[in-house]
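What follows is a pair of complexes built around subunit A, which joins subunit B in one and subunit C in the other.
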Partner chain A sequence: MRAGPWLVLALAALTLSAVAGRRWPRTWLVLIVAGGAAAAAASVLVLSGAPGWEWRGAFRIGGEALHLRLDALSAVFLALVGVLGGAGAVYAHGYWSDAQYPASAPRGRAWWSVLVLSMTLVLTLSNGLHFLVAWESFAIAAFFLITLDGGARAVRSAGWLYLAASHAGTLALFAFFALLSARTGSWDLGPMNAQAALAPLFWLALFGFGVKAGLFPLHVWLPSAHANAPSHVSAIMSGAAIKMGVYGILRFSGWLPVPNAAGWVVIGFGAVSALLGIAFAFAQGDLKRLLAYCSVENVGIILVGVGGAMLASTAGDAVWGRLLLAGALLHVWNHGLFKGLLFMGAGSVLHATGTRELSRLGGLWRRLPWTSLMFAVGVLAVAGLPPLNGFVSEWLVYLGLFDAVTSRGPSAWAAIFAALLLGTAGALALASFVKVGATVFLGAPRGPAAAKAHESGRAMLAPMGALAALCVTLGLAPTLAWPAIARGVAAWHPAWPATAAPLALQAIGGAQLALATLLIAGAIVAWHQWRGKLARRALTWDCGYAVPTARMQYSSASFAGIVTGWFRWILWPRLALRRPRGLLPARALRLERIPETVLELVIAPVGALFLQTASGARRLQHGSLQAYILYVVVALAALGAMVLEAGAR
Partner chain B sequence: MRDLNLLIGLAMGLNLVALGSSRLPSIIRATALQGVLLGIMPLVLEHDIGWQVVAVAVATALGKGVVIPGLLQRAMRAAHIEREIEPFIGFVPSLLLGALGTIAALAVARSLPLLPEHAKSLLVPGALASMLTGFVLLIGRVKAISQVCGYLIFENGIYLFGLLLIGSTPLLVEAGVLLDLTVGIFVIGIIVDRIQRAFDSLDTRKLTVLRE
Partner chain C sequence: MMIVLGFVLRLALWLLLAPLLPGLINKVKAWVAGRRGPPVLQLYYDLARLWHKQVVMSTLASPAFIIGPAVAWVAVLAATLLVPLGPAGATLSFRGDVILMLYLLALARFATTWAAMETGSAFEGMGAAREVSFAVLAEAAMIAAMLTLAVQTGSVSLATMLAPSVGTSAVLLAAGLFTVLLVENCRVPFDDPATHLELTMIHEVMVLDHSGPPLAAILHGASLKLLLFAVLLTQAVLPMGTYSPAVAAAVLLTGVLVVTVGVGAVESLMARFSFRRVPLLLTTAVLLCVFALLVAWQGAA
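Let's turn to the complex of A and B:
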């Protein structure tokens, strides 16, 4: 079967759904799920060995012939977009329904379709000009989705920050594509590795796509946008939209020659993103902001894989490069699935309690059992624990890094550095999600909101269940995904053809399955053995204190206290402290706030300085005719002086 | 050549008069007189005086010396403009600037690569000095009419430059320039009246609201 008809079907269904979205929610839901499924089907066909699909239109848009192309690399990303686009739409049907949000729900549906459609186009268009158009419409659709709940000030400012950052990146991409077309003489995209003069353009692409991917110093827009967007939007933004940045970096490092330093830079930024992303995540007190920072960490892991693959391809096509890239591509899928699941779970918590503050939640596993179960799957996956999928892809990345170290080339140093940082980041990720699980779902409710919570509807639970099932499947049978991933790797670097799954992957698949069986068996045995026998409920012994309250539990900040201390040099925690005084202290207070360090300490001051200078220059334009004439005279005199001086020489 | 330099010298003197006078009618008069002097110059400059040159001279003298000042006087009367000038740059500093400009014009003209037959004439320094004077008036005066006078003096400087090329510039161009100028002044005369009616003032400092 050919993939083309499916892709055309997907594009048609998505376009129709954008039109239908405002009026007919059910038609929209059917169309967008069908579109997502068709896109996923097209990708699966390409990934399972059907020839890649390429189509040149006879007519021109903006003076350029339409050129669509679906190869294995774009198919990897398109599958994710299709799955999350469909799952998120079903979730939105329950989460952001017409009944609850009569004003913004129709708008939200239409923009959702535009977002999924433009991401599909970004992945398939193979012309620089059209790519930019699709990229821009993708950015704008995301902006309108983030600001769907435009009433709140925080939401609006998050939206503007996103739009500004996104356009800073797009500016670099404009320069990138314009220079590319100027040097090659055509806007058409495709493999052009032979032209070595194109290599420096990679830096522009890295910046432009890095902003979208949320690479560490460029991530400033990401936490607030993901935290303030409606949860289904956060899910697709974090699961699929930031992957478009990764796709851009991969696509153009595969098609264009890259500078020699590119691999080092990408692996370095990736490792730093992973460590600092998770350090910031750990310190957050806001559930969705924590998840957003965790996305920075995961993009870091993916980019470590990508950078390692670049290093390998410049160091004579070493085998470990293939492992690293396979790990990165698999992690793109895994992160998309479990982060989508986690954001939907966070949305369910938010829906039930009305707050994202970890310090107001607690004890939700009794009130939201299904959400808790699926959130737990996501937590295990994101923490990189066996037997789930997060472990598999991270393990492939580690395997590649260890092989690189033992190969003793110059890249060994980069690999050691990256492995150390990734290891630390992995430990911190585990700790972060222990904190999330413990403060949100375990213990006693910390406030009335958490105490009165109720489980979400089926429309919200079903897509979470689907994503959780995919996480489990990819975790237990990683060899299923290997042929697809291997074709993606081959599309990036033709010298690394798809082969059978490496032995290590087969082994880990078996081990995961065995471990899962053991765990389930153990759980069943424990359930039968101790059911009813351990059910004595009592207070924790607390040195005889008579009136304990739920507020005496560990808070989110106290979980993170020690690690926040380690990373004080970058986190700059702001502390408001009022110590208890006297024998019978009346009030005491300890507030800790983690600022957006890069935004507040670097970008905001630089921006303020820039604005000050600009408004200083604006004072030159005041409307006084006399002074304008004076400017003309001064300019003329200066020109005259220049001419005279040039004549004297 | 000496006659021409005498005329140009007089015109440069009138520049300073325009800079130093505190009343509108005397600026207009100085501008008008300068226009007449400029009108005479082609007659002195050309060796064989044909009807064309006479026509240019008469048209210039009439236009710059009678028609335009007449229009300005009319606008001034119609708009009931106060005769006192409020300067941005005071009269003494204006005069000093004008004098400095004249000296600078002489110095600059010497360093310019001119044709030998123009080297000794005051045409180029006179032109530069008039343009600078025009600029000083444009920058340093508040009322619209006095700025129009500054613009006229500026244009006179350009005319002086044009005299360098009188042999090769077609008459039609000269006539066209003059016509443009007259129409321009005519329009400004009307606008001045309208501004006065709309804003009760001709102070250009108050006309900054409509920027951008």
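Let's turn to the complex of A and C:
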């Protein structure tokens, strides 16, 4: 079967859904799920060995012929967009319904369709000019989705920050595509590895796509945008949209020659992103902001794989590069699935309690049993623990790094650095998600909001269940995904053709399955055996304290306190402290805030300086005609002097 | 048939020998202090007694409070199956099993801390926070140590990685791994397993609310983890692959004994560190392992 018809079907359904979105929610839902499914089907066809699809239209848009292409690399990303686009739409049907948000829900549906449609186009358009148009419409659709709830000040400023950062990236991409077309003489895109002169352009692409991917320190827009967006939007932003940046980096490092230093830079920034992203995540006290920072970490892990693959391809196509790239691509899927799941779970919590503050939540497992269960699956996956999917992709990346070290080439040093940072980041991810799971779902409710919470409806639980099931499937049967991933790798670098799954991966698949069986058996046996021995339920034994209150529980900030101290040099925690005073102290206060270090300490001062300079220059324009005439006379005199002097020489 | 027999034998070795180690450590401590101390088999008696006891659960706890210890125990047991046991070898061995072992230990940590947080107790929160925070540096040290072995042997499978010695870097690696052993198993100078009513405890305070069979699973799992680290340390330092099977078995047994006695000696001669100094010692362990890596790199060149 050919992938083309499915892709056309997907594009048609998505376009129709954008039109239908405002008026007919049910038609919209059917169309967008059909469109997502068709896009995923097209990708699966390409990834399971159908020939890649390429189509050149006869008619021109903006003077350029339409050129669509779906190869295995774009199919990897398109499958994720299709799945998350469909799942997120079903979730939105319950989460952001017309009944609750009569003003913004119709708009939200239309922009959702535009977002999914433009991401599909970004992944398939093979012409620089059209790519830029699709990229821009993708960025704008995301802006309108982030600011769907435009009433709140935090939401608006997050939206503007996103828009500004996104356009800084787009500016670099404009330069990239313009220079590319100037040097090749055409806007048409495709493999052009032979032209070595194009290599320096990679830096522009890395910056432009790095902003979108949320690479540290270009991530400044990401935490506030993902935290303040409606949760289904956060899910697709974190799950799929930032992967467009990864796609861009992969696409143009595969098609264009890259400078020799590229691999080193990408693996270095990836490793640093992974460590600092998760360090910031651990210190956060806002559920969704924590998840957003965790996305910075996961993009870092992906880019460690990508950078390692670049190093390997310049070091004589070493085999470990294939493992690293396969790990990165698999992690693109895995992170999309579990982060989508986690953001939807966070949306459920927000829906039920009305707060994202970890210090107001707690004890939700009793009132939100299904959300808790599925969130726990996401937590296990994101912490990279066996037997779920997050472990498989991280394991592939680790195996590639270890192989790079044992190969003892110059790239071994980059691999050692990356492996050490990834190990530390992995332990921090575990710490962060123990903290999240515990402060949100375990213990006693920390406030009235958490105590009166209610479980979400089926429309919200069903897509979470579907994503959780995919996480489990990819974890227990990684060999199922291997052929698809291997074709993606081959599309990036033809010297690494798709082969059968390595023996080690088959072994890890078997081990995961056996482990899952053992764990479930152990859990069931323990629960049945030991519950029978349950003498009674008693108050938590707080070393003899008889009347514990919910406020006495360990809080999110105290849980992260030790590590926050270690990362003080970058986190800059701000403390507001009012100690209890006097014999009968009335009020005491301790507030800890983790600032957006890069934004508040680097970009904001630079921006302020720029604005100051600009407002200084503004004094030249004051509306007084005489002064303007003076400017003209002075300018003419200066010009005259220059001309005379040049003539004299 | 032989495979099944070997599997059962290894499983029995791991499961039955593990509780001996804490008993030996306590005996060493008692001997140094001039006391008679509890019997070496005390933990076996404790486990048997706990197994028949009833369970008390916090009113706040979810089923995961009971399931957590079981999951942690299974995870540690699965990790032991990946570690070769001298001449008996490992049950499961493949390229990259070393990373699976590290992450199985992480899964055990996750399950223990999750179960601890179930109770909503500030004490258990403290213990869990320390456990996961110190593990950050311990994990970095473990990765560096495993990279050292990989560089030395050119392999990423535990069975071959642990066969030869690490040469000149062995001393550095031994010191680093021993420190990691102490922190991962919550021994002095990081933690004091003898008490659990102080604000500075880690492991003991995490399991305050557990009782009966789940507590037995936790205690047995902790001893299993201690044995795992002792076996790993011995084999990483000594050239196990060069001995005949009988000698290798004897060497492994002696090595584990030496490590155990060493833990007891440290506990007798040192006081617990103040909390501020713990990260310092852990960073030292990371540096030791990184230096071992550099030395191994030079040595293997």
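One rule holds in what follows: the second predicted complex is superposed on the first by the 637 of 649 C-alpha atoms of A that agree within 3 Å, B and C clash if a C-alpha of one lies under 4 Å from a C-alpha of the other, contacts with A are read in each partner's own complex, and residues count from 1 in each chain.
The working rule: a contact is a pair of C-beta atoms (placed from the backbone, for glycine too) under 8 Å apart; a residue touches a chain by one contact, two chains touch by 3 or more.
Remember, predicted model here, so these are calculated numbers, not experimental data.
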Superposed partners subunit B and subunit C on subunit A - clash or fit: fit
Partner touching more residues of subunit A, whether subunit B or subunit C: C
Touching partner for A:442 - first (subunit B), second (subunit C), both, neither: second
First, second, both or neither for A:197, with subunit B first and subunit C second: neither
Which of subunit B and subunit C A:402 touches, first, second, both or neither: second
Contacts of A:363 with subunit B and subunit C, given as first, second, both or neither: second
First, second, both or neither for A:629, with subunit B first and subunit C second: first
Which of subunit B and subunit C A:547 touches, first, second, both or neither: neither
Superposition-derived angle with apex at the Cα centre of subunit A and sides reaching subunit B and subunit C, degrees in steps of 10: 140
Which of subunit B and subunit C A:531 touches, first, second, both or neither: second
Least C-alpha distance (whole Å) that remains between subunit C and subunit B when both complexes are overlaid: 60
Overlap of the subunit B and subunit C footprints on subunit A, listed as residue numbers: none
Subunit A partner contacts - residues on subunit C that touch it in the complex: 53-60, 62-64, 66-67, 69-71, 73-75, 78, 92, 94-100, 102-104, 106-107, 109-110, 113-114, 117-126, 128-130, 132-140, 142-144, 146-147, 150-151, 154-156, 197, 208-209, 212-214, 217, 279, 290, 293, 297, 300-301
Residues of subunit B touching subunit A in the complex: 88, 108, 111-113, 135, 138-142, 147, 204-205, 207-212
Partner subunit B, residues of subunit A touching it in the complex: 621-627, 629-630, 633, 640, 644, 647-648
List of subunit A residues in touch with subunit C within their complex: 362-363, 365-366, 372, 376, 380, 383-386, 391, 395, 398-399, 402-403, 405-406, 408, 416, 419-420, 422-424, 426-428, 430-431, 434, 437-438, 441-444, 502-504, 507-508, 511, 515, 518-519, 522-523, 525-527, 529-531, 533-543, 548, 550, 552-554, 558-563, 566
